[in-house]
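Note that the chains are named A, B and C in the order they appear, and that numbering of residues resets to 1 at the start of each chain.
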């Protein structure tokens, strides 16, 4: 959509961000891809005899309170972390743009109605929403994703709405309107592409926030169900062993930080090249 | 430009310093040390001795109210507000002699009228109560009267030799009905205040009928968000006593600052199998599951080995009522388990769901270990966490589940432990039904001789184990950290914090 | 063009409607999820008869819609009802928890401003230079640390290195104000960390944007010094746009301190909310949600007005 802009020239700053981001994100993605075919041990096989082993050649990341191999668990956790945050953001993004752009474009009652609903959801405790989803549909990854998507949709809607309000006053949009271009067409082909630069940071922040929110839900037993795990779940489980088995915290935390930081750097790179290319 | 930034940085830094400086002054000098802070993880809610049921409430009010009889930390039932009891030959009339010289917290003296009022209230016999007992164990009381000699006579609808332990129910002043807001009892401590989500404060009862007790001036029960939050407070010295720790937590404590006490809790952790659903209604399947599980590993993973293995519905902590001949019945035997599965027609295994309460880490962890162990016989168990309210509603009361993990608590009384297995019992959430057990449970309260009763209890336990009605896992140890500042604390084999014996170390 | 008063009234109606929708959502949620306040209070050892008795006492035997109606009527008469679990007025319960939540939000907010402003100004002075890069990377890392990991790290640091700050031992402000501030510093810092990163990122880019704008270039050509331009033009303008971000951060802090309260064992609103949910305490939960929603809506309301004042294009027609 905005390819003609990014193609123009890539500043060295942007490239640095891209490279750093891709390396960090790459580590997590590679772990995820490998875990689909192979993990050193079965990630949920318990072994009471080998609890709390510190990192060694046999268990590079050590073992946890069940004697499970932490490396294998981190690898399989990357799957849930990536999947949940990506799918959650996708839902939030779709809901947010579909409601936010019309709200900003039409204004009036459409705007008020949509914002009313959005504000209400934002004020509604996300945890309670998650509880409802789990109670009605059962505890599962899919329901967690829906709950996350719904909780975060209003944030995206706000970004889209404000952005649309600014953009629609620009000359070329007014021209298009006067020339009788259909509103749906204006919104899809003229407004949305211009929102991308604002939505990108929101998306990355959304990915990060969702990963954190999901770990909060795991903390309350609402997220990924054991024995499966996400990074956030591994971290909240490891909390108690912080002092005696720090490797239970370090490795998932490292992966989580790689993941979020990687996303950031990439979005920074995009932002830099977008603004520079645009001007 | 530079100046501005330097200024901003200085302001920022000094603001931070100022704030942390304030914080540095917060450690208060200790003067009146004669207090103890007990960490609790369950929010207290009910202070009325007759409506209280939740274990978390009972452990606090144990210090405020006393009954006619009272348990000690060895599980003995001793006379308390009664000095004596006379049980009629057919066990239908209990006559209590009331202790003299006992004062309530409001200053009034204890007499027979208070006891009559309290027991009637507990049994739902007061005017305006519709006959529903507040204390369900006392439902069988049909009348309570004060005799002319000052004794109190309790008449039962159905005889029972097993009712004395139920007279531990708190005695309150006659016609007093405000126990929820302002508890008044005869116990070693008086109720001072309750701040929801934070603390319950009790102060010394100067007129306590046991001389020299209690030692402490003030006891604070402090609500901790969870075990780990409590551990943090413990490590920082803002809590003196913290019960219900797991060994891997208590191992992290500084040995010079805390004594770690451990005792059986008289709880029964059960991997409950809903006997009414397929394929768990098949005895062979239930036996196979029992044989497939390695209880030692479960205990190792969840309690670092600090628990007692169980094979039946009662903890060995119950002494002679427990049947030692059942030990080892279900030692792990994968081959046997597989054979039983094949016999039942499930050689390829099946899928199972385990619904566990997410607020209890030990049960969630147990489920994880069980799921891993059950894979060996082809059972693929999925874990579903639900919150406590949902668990109570749909699993316990609604019985809509396949399997669950929970710990059953009870008074230190065998009948209390086993009566839930009667097919009509509210507590029979595993849908167990055996007419022989029903018959035995009806017979026990009518049996006068203790040895005979013990034999009947053994029969019930044997039947439960034979029927493999569920998988009994462990009696989780109660591990309590007590500050070396204090001494005299005892771990009870039930959900109780007795603060009356606790005193400052060296005094 | 609508008058200012009309605009305000419109916003006010919107606010009330939002609150109504929120309470309806809570109500619907409660009619869906299983569980019952009386059962939770009494625990598994209670018999069905005992549970029924308590249900009748609490009025739980009436249908939820009736209870919602009476709650709504109570609200109109400024009486948010009595909590099932605590036997106390909901208003009193919330008031008890407010010092923690307000104190923590205030301290965290101060930290966010005090730390992110200088960082952003420093960074934006020469974008792309070493200092800027360092600040940006630190900002990103801060953002990526989950609050409870930060909390645990802080507890560990405070415990082993400084033994300065009190962890866990909450003191009420009326007893000891300094102690109260002291016990809130670490948790506030744990909450503030990611927000510092967020506000830094935002401020930095808005300062850079302002600096390259025409009027700043014009002022420059008129010979105003860098410093004066920064103070007189750049900061005020980025301030207006940062009102939005600050109100978002504040409402985030209000609603999101739950886990930090848990780790630090602080009796704040977040934990009360969680306990209301887990104990199925409908009056308490709707009270808290309503209260939080009220504050959040007011914040957005203010930020909308501020934004419309700053940028006339946003003003509603």
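By definition in this document, a residue touches a chain if its C-beta (ideal position, glycine included) is under 8 Å from a C-beta of that chain, and two chains touch if they have at least 3 such contacts.
Only a predicted model underlies this, so the values are computations on that prediction, with no experimental measurement involved.
Asks: Enumerate, in label order, the chains that touch chain A and chain B alike.
Replies: Output, common partners of chain A and chain B: C.
Asks: A-C versus B-C: which has more C-beta pairs touching?
Replies: Between A-C and B-C, contacts are more numerous in B-C.
Asks: Using CA atom averages as chain centres, what separation in Å is found between chain A and chain B?
Replies: Those two chain centres are 43 Å apart.
Asks: With centres defined as the mean C-alpha position, give me the chain B-chain C separation in Å.
Replies: Centre-to-centre distance between chain B and chain C: 38 Å.
Asks: With chain centres taken as the means of their Cα atoms, state the distance from chain A to chain C in Å.
Replies: 21
Asks: In chain B, what residues contact two or more other chains?
Replies: 228, 359, 387, 390
Asks: What residues in chain A touch two or more of the other chains?
Replies: In chain A, residues 131, 135, 220, 239, 243 touch at least two other chains, as defined above.
Asks: In chain C, which residues are in touch with two or more of the other chains?
Replies: Residues 33-34, 262-263, 277.
Asks: So in the complex, the part of chain A that touches chain B is made up of which residues?
Replies: Spelled out, the residues of chain A in touch with chain B are 44-46, 48, 51, 65-67, 131, 134-135, 138-139, 220-222, 225-227, 239-241, 243-244.
Asks: Could you pull out which chain C residues touch chain A in their complex?
Replies: So the residues of chain C in touch with chain A come to 10, 14, 17-19, 21-22, 25-26, 29, 32-34, 128, 136, 140-141, 143-149, 152, 156, 198, 201, 251, 255, 258-259, 262-263, 273-274, 277, 285, 289, 292-293, 296-297, 300, 307, 311, 313-314, 316-317.
Asks: Quick check on the complex: what are the chain B residues that touch chain C?
Replies: Residues 1, 3-5, 8-9, 11-12, 15-16, 19-20, 22-28, 43, 45-46, 51, 53-56, 132-134, 136, 180-181, 195-198, 223-226, 228-230, 232-233, 235-236, 238, 359, 387-390, 392-394, 396-398, 406, 408-410, 426-427 of chain B touch chain C in their complex.
Asks: Which bits of chain B are touching chain A when the two form their complex?
Replies: So the residues of chain B in touch with chain A come to 227-228, 231, 248-249, 251-252, 294, 296-297, 300-301, 358-359, 364-365, 367-369, 371-373, 382-387, 390.
Asks: Which part of chain C faces chain B closely enough to touch in the complex?
Replies: Touch residues, chain C against chain B: 33-36, 39-54, 83, 85-88, 93, 96-97, 107, 110-111, 114-115, 117-118, 121-122, 125, 155, 159, 164-171, 176, 178-179, 181-183, 185, 225-227, 230-231, 261-265, 267, 271-272, 275, 277-280.
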